[in-house]
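Look at the two complexes coming up: chain A is in both, with chain B in one and chain C in the other.
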Partner chain A sequence: MTFHIIGSILPEVTIAIAICVVILVNSLIRSVSAAFIHSMILFFLSVALFLSFVSLEIPNSNIFNGHYVIDSFGTNLKIIALIASILVHLASLKSKNNIKNEIFLIQLFATLGVLILCSAHNLLTVYLGLETLTLSMYGMVASNRNSIEATESAMKFFILGAIASAIFLYGLSIVYGVTGTLSLELIKESNLLDGLEMRIAVAFIACGVIFKFGAFPFHSWVPDSYQGSNTTAAIYISSVPKIGAFALISRLFLDSLNVMSEFWSILILSAGLLSIIIGNLIALMQINLRRMLAYSAIGHIGFVLLSFSIVNDGGISASMTYLLMYILMTISAFALIESISSEDHQHIELSDLKGLNNSHPLIAFMLLFCMFSMVGIPPFIGFYAKWIVLSELVNNGMLWFAIVGIIMSVIAAYYYLRVVWFMYFEKTDQPIENKGMMNTHSITSIFVSVMLLLIGLYPNPIIDYTRIIISSFLLID
Partner chain B sequence: MLTLQSYLTLSAIIFSIGITGIVINRKNIIIVMMCTELLLISVNFNFIAFSHFLQDLSGQVFVFFILTVAAAEAAIGLAILVALYRNKKSISVGELNKLRN
Partner chain C sequence: MILDLMIWAPIISGLIILMIGKNYGSLSYSLSIFSSSLVFVISLYALSMYDSSQTGIQFELITSWIERFDINYHLGVDGISFPLILLTTFITPIVLLTSRTSEKSNLHQYLASFLILEGLMIGVFSALDAFLFYVFWEAMLIPMFIIIGIWGGKNRVYATIKFFLYTFLGSVFMLIAIIYLYIQTGSYSIFDFYNIDLSRTEQILIFLAFLFAFAVKIPMWPVHTWLPDAHVEAPTGGSVILAAILLKMGGYGLLRFSLPITPNASSELSMVMVVLSLIAIIYIGMVALSQTDMKKLIAYSSVAHMGFVTLGTFVVFLDHEIASLEIMNLAISGAMIQMISHGLISGALFLCIGVMYDRVHSREIDDYGGVALMMPRFAGLMVFFALANAALPGTSGFVGEVLVILASLKVNFWIALLSGTTLVIGAAYTLWMIKRVIFGDVTNEKINDIQDVSAIELIPLMILAIMVLAMGVYPEPLMNLMYVSINDLSKLVFLGAGI
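Now for the complex of A and B:
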């Protein structure tokens, strides 16, 4: 029996073992090379990925007295999260000596938190997974501890995060008081009424979820932490935690609080709509490249939430498709920025991109792919992501929201294409110095950018994949 | 005889004091951290009150986990604060203004 339980959570166990091994090797062996640590982390992540593919075969089951659930939805999200972590890790392998190993260790902790969130089926496990993720994200942002910007952004992120998680917990406590149980399954089965106290609880929980996504009312940590932290941390916090947030919102709202769907869909809808508007409008005024990408990320997350608030099969699978494509785009964008930034030149501004086509034609071309994809120009994946979300909105009679989305995408094209303009049509006397091009980092960033085009030419597998996952998740209800 | 309502009112008051303290405080980050602890304490109060009146132990178990996580969170927050103080020589909330356009 015990073996059966351990057998169902092998990916999490692998990551936990990886954490212990990396801590021990890092502290016991003095002269350990960074390359060895990196290959060890990659090995453990790949083993965890393989084991999650294996655990797709396990039938749906509740383990640890219903604290944890193994189902195809959770396992597929784990696979996505692990693939994203591997890509992030490969993309941040640029300077082998200067980046400290601790940040990769903290990323492993955060990945563990995401994996726990994907399978959590009890308010307690949900809270613990969320805090494992959030606490590691504070550490990641602050990891560049000699820089004023990094510590300041970490402090702001910490204060906002502490408030958001306390509000989230207050919501959980009200749910516990009304239903008398912590288990998500029993909460779903209890005869909830759409009363005032449950509305307060759902609104409070929504605050925590929206903070994790980085959407409108709780978005102010996103630009600060993307700009202040180093790019290694920025790649991670812009991609993998969003998968955990998606698991959280699906398990809590879609699954167990489905009775309240009329109320929470309004909350999610307004957060999504306002994030699209605010994110894209503020991004127009940015001159720092990473801060601009942060506001554009707020806009993209707005589309994910807007589509989620449709609350049916098509809308939620469109939301998940958008999320996956956004993650690919953000990894590619930050990896390319990493390849033109150096240790003493972390804050890339738009004017630094002048003449990039002459000094680094390949990076410029890949950044062009990435920006076209974010605008939503066919045949890149960003086009399909926007097209699916907008067509679902129109099909469900939310025409006006689709129109707002289209207008905001057109406005967004200005600041994305400005990057392309600077790279191709502006001249400069001081081009960014050349770096060694053929290392793991540049190969990964080129690979991901080419994927933007290849998946864009043939997007059906991803669309079908999310549709199958979401319909299997909704069938369990 | 204290009713559930009085416990919930007290916890809501503590929660509001915490939020107010964070919003109006302009001087010291340590006070902000004390206020976040207040928020968590009000949540604990809620859980214990519900657990007592529902005759269900799981709420009290939850409180232990919240206490542990709050300790870890305070440790990380204070570590960030020390790093910030080394860089800026100040822990005033009003001076967190380097990251603006």
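Now for the complex of A and C:
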């Protein structure tokens, strides 16, 4: 029995072991090289990924007295989270000196939090996973400790995050008060009524979820933390935690509070719609690339939420498709920007991109892929993401939301095009120096960017994959 | 298979040039000429295989692409798309040939953009799956955006962003319409869209959504304002492709999507379309008259000439009593010939302006005068193209316009009369420009030093001149190529509109 339980949570165990090993090695062996730590982390992440593939075979089961559930939905999300973590890790292997090894340790903690969220089946476990993730994120933002900006954004992030967690926790406790149970399964089976208390609870929980996604109106931490933290942290924050948030919203809202779907779908819908509008409009005014990407992320997440609020298998799988494609795009964008930034030149602004086509033709070309993908121009994956969400919206009679979304993406095109404009159409006397090195980092960033095109030419795997996962999730429950 | 080759050969060679071409300017130049000429030869081979007496689609190819949404990689041509593909494969090598007459940074990127653009344009004309069509249609914006933005004139960034946003805004509504049609039919095949029963409101909304996309591309008054900017700022090659092929996609879209999918709405809104076309023909013609920039003048004349395409497409619906298959065939043939001929003539005129610009570095009419004295060979050709632009009988410009005017005459005398004024206005603005630029006294000292055209500039212009003349004197082969498909289209639309 014990063996069976341990066997089902091997990926989490692996990450936990990795954390311990990294702490020990880091503190016991003085002269350990960064490269060694990196390869060790990579090794553990790959093992965890392998073990999650293996655990796809395990039949659905509840373990730890129902605190934890093993099902294909959770395991698949874990696989996605681990792949994303590996990509993020590879993409951040560039500047060795200014990054302390601790940040990779903190990332492992955050990944552990995401894995727990994927399988949590009890309000306590949910909160545990969420806080593991969130606390690590504070640490990540703050790790750039010589920078005043980073400290400021970490402080802001912490205060806002703490408030959001408190509200979220309050929502959970109301649910407990009404239903008398913490187990998600029992909450689902209890004959809930769509009453006022439950509406308050759902609204509070929604606040926490929306905060985690970084969507309007709880989006103000996103630009600050993207800008303040170092790129390693920014790539991570913009990608992996969103998978945790997706697991959270699916388990809590879609599954156990499905009775209330009419109410929460309105909340999610309005948050999504407003995120698309606000995020993209503010992004128009940004000149710092990371801030611009932050607001663009808010806009993209808006599409994820908008599609989620359809609450049927088509809509949810479209939402998940968008999320996966967004994660690829954001990793590619940050990694490319990182590859042209240097230690003394961390804050890339639009004007720094001038003449990039002449100094770094390949990076410029890949960034062009990435930007047109974010605009939603075929044949890049961003187009399929938008199209699949629009299809589901139109299919479910939400034509007007589709039209608003699409008009906003035309407006958004302007600031993405501006990046291309500065790279290709402007000339400069002082281009960013081309060090001409091919390292793990640049290979990863180019690999991910080329994937934007290749998956775009044949998007079936992602489209079918999300569909299968979501229908299995909705069918079982 | 043959279409596959025509789409992907230029795209792949473009990517190869992009990768290796940085230090090998001449090699990538030769490679681009080679691959685009090869595509032209393939298209001629396809022409020899094409059976113009057969109805329906030829060279058809279907492979499943995105199974879950029943999207197919579905290619094929008929008499409406095939002439436009030939135009594309014919113009692209000419553009590439002239790409070295002026100094360019990153020549390999320039060549690669045009090659990729060529493949995508052929894709647009041969896609028979609406989703695939949209993918090609939108992807085309990327190389064009780059071409205008990098190698354009002083105001290029404004022009290219305006171009991009205009067309992007137009086409997203088309995307919504395509998605809506998919949800109604369960398929993305264009032919399945033809058989669908839509209510009156649905038809009108879908018609408008498509119209928005196509009207921006054509461009129709009043969404034409991106065109003068884009044309003026684009490099010569960009202007040629823009005028010769990109604008035709709007006209093609009307024939491929709007008419057969929403015949009732087309018929109901035909008055609006005809009025908009007449405004383009007359008002924009007048606007062209007052331009001082040669490229702008030709750009406005393009809008006016494309007015005949939309007029020919919709004029027959005006009067259901008179409407007949014959008139419809006549009008659509006129529209098609006008598209091809405008592609050749405006392309040639932009090349001519490019030749002068490379020497004098000005597009202002006032900076010229007496060019004929210094460049006699060039002047002869330019005057010829100008006359063709003014629809001189014996040139291809005449055939298209006269067919459309004839068809309009059978429907309504006044519309024919109004559209006929183009023969006067068109002659006025083109010939007046010629008078000031080519003839007269030399007013600008720079003109005194200029050389006549070199062989590499002369050959493309000669070829174009021969084509224009041939189509004007003997348009029969082209008409035969299109006739069966146009007749099918007319029947389909008449059936749908209940005429």
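Definition applied: the second predicted complex is superposed on the first by the 475 of 477 C-alpha atoms of A that agree within 3 Å, B and C clash if a C-alpha of one lies under 4 Å from a C-alpha of the other, contacts with A are read in each partner's own complex, and residues count from 1 in each chain.
We adopt the following convention: contacts are C-beta pairs under 8 Å (C-beta built on N, C-alpha and C of every residue); 3 or more make two chains touch, one makes a residue touch a chain.
If you're wondering where the values come from, they're calculated on a predicted model, not measured in any experiment.
K.L.:
Should A:E152 be classified as contacting the first partner (chain B), the second (chain C), both, or neither?
P.N.:
It touches chain B, and chain C stays clear.
K.L.:
Which partner chains sit in contact with A:I23 here, chain B, chain C, both or neither? Use first/second/both/neither.
P.N.:
A:I23: touches no partner chain.
K.L.:
Report for A:A413: first if it touches chain B alone, second if chain C alone, otherwise both or neither.
P.N.:
second
K.L.:
In the superposed arrangement, which partner chain does A:I6 touch: chain B (first), chain C (second), both, or neither?
P.N.:
So A:I6 meets neither chain B nor chain C here.
K.L.:
Have a look and say if chain B or chain C is in touch with more residues of chain A.
P.N.:
B
K.L.:
Looking at A:L56 after the superposition, I want to know if it touches chain B, chain C, both of them or none. Which is it: first, second, both, neither?
P.N.:
neither
K.L.:
After the superposition on A, what does A:A35 contact: first (chain B), second (chain C), both or neither?
P.N.:
neither
K.L.:
Touching residues of chain C toward chain A in the complex: what are they?
P.N.:
Its residues touching chain A are 18, 22, 65-69, 105-106, 109, 134-135, 138-139, 141-142, 145-146, 149-150, 156-157, 160-161, 164-165, 168-169, 172-173, 175-176, 179-180, 182-183.
K.L.:
Please name which positions on chain B make contact with chain A in the complex.
P.N.:
For chain B paired with chain A, touching residues are 8, 15, 18-19, 22, 29, 32-33, 36, 39-40, 42-43, 46-47, 49-50, 54, 56, 58-59, 61-62, 65-66, 69, 72-73, 76-77, 79-81, 83-84, 87-88, 96, 98-99, 101.
K.L.:
Residue numbers of chain A touching chain C in their complex, please.
P.N.:
Result: residues 357-358, 361, 365, 368, 372, 375, 377-379, 383, 387, 390-391, 394-395, 399, 402-403, 406-407, 409-410, 413-414, 417, 420-421, 424-425, 458-460, 463-464, 467 of chain A touch chain C.
K.L.:
Where on chain A does chain B make contact in their complex?
P.N.:
My answer: residues 123-124, 127-128, 131, 135, 138-139, 142, 145-149, 151-156, 158-159, 162-163, 165-167, 169-170, 173-174, 176-177, 180-182, 223-224, 227-228, 285-288, 291.
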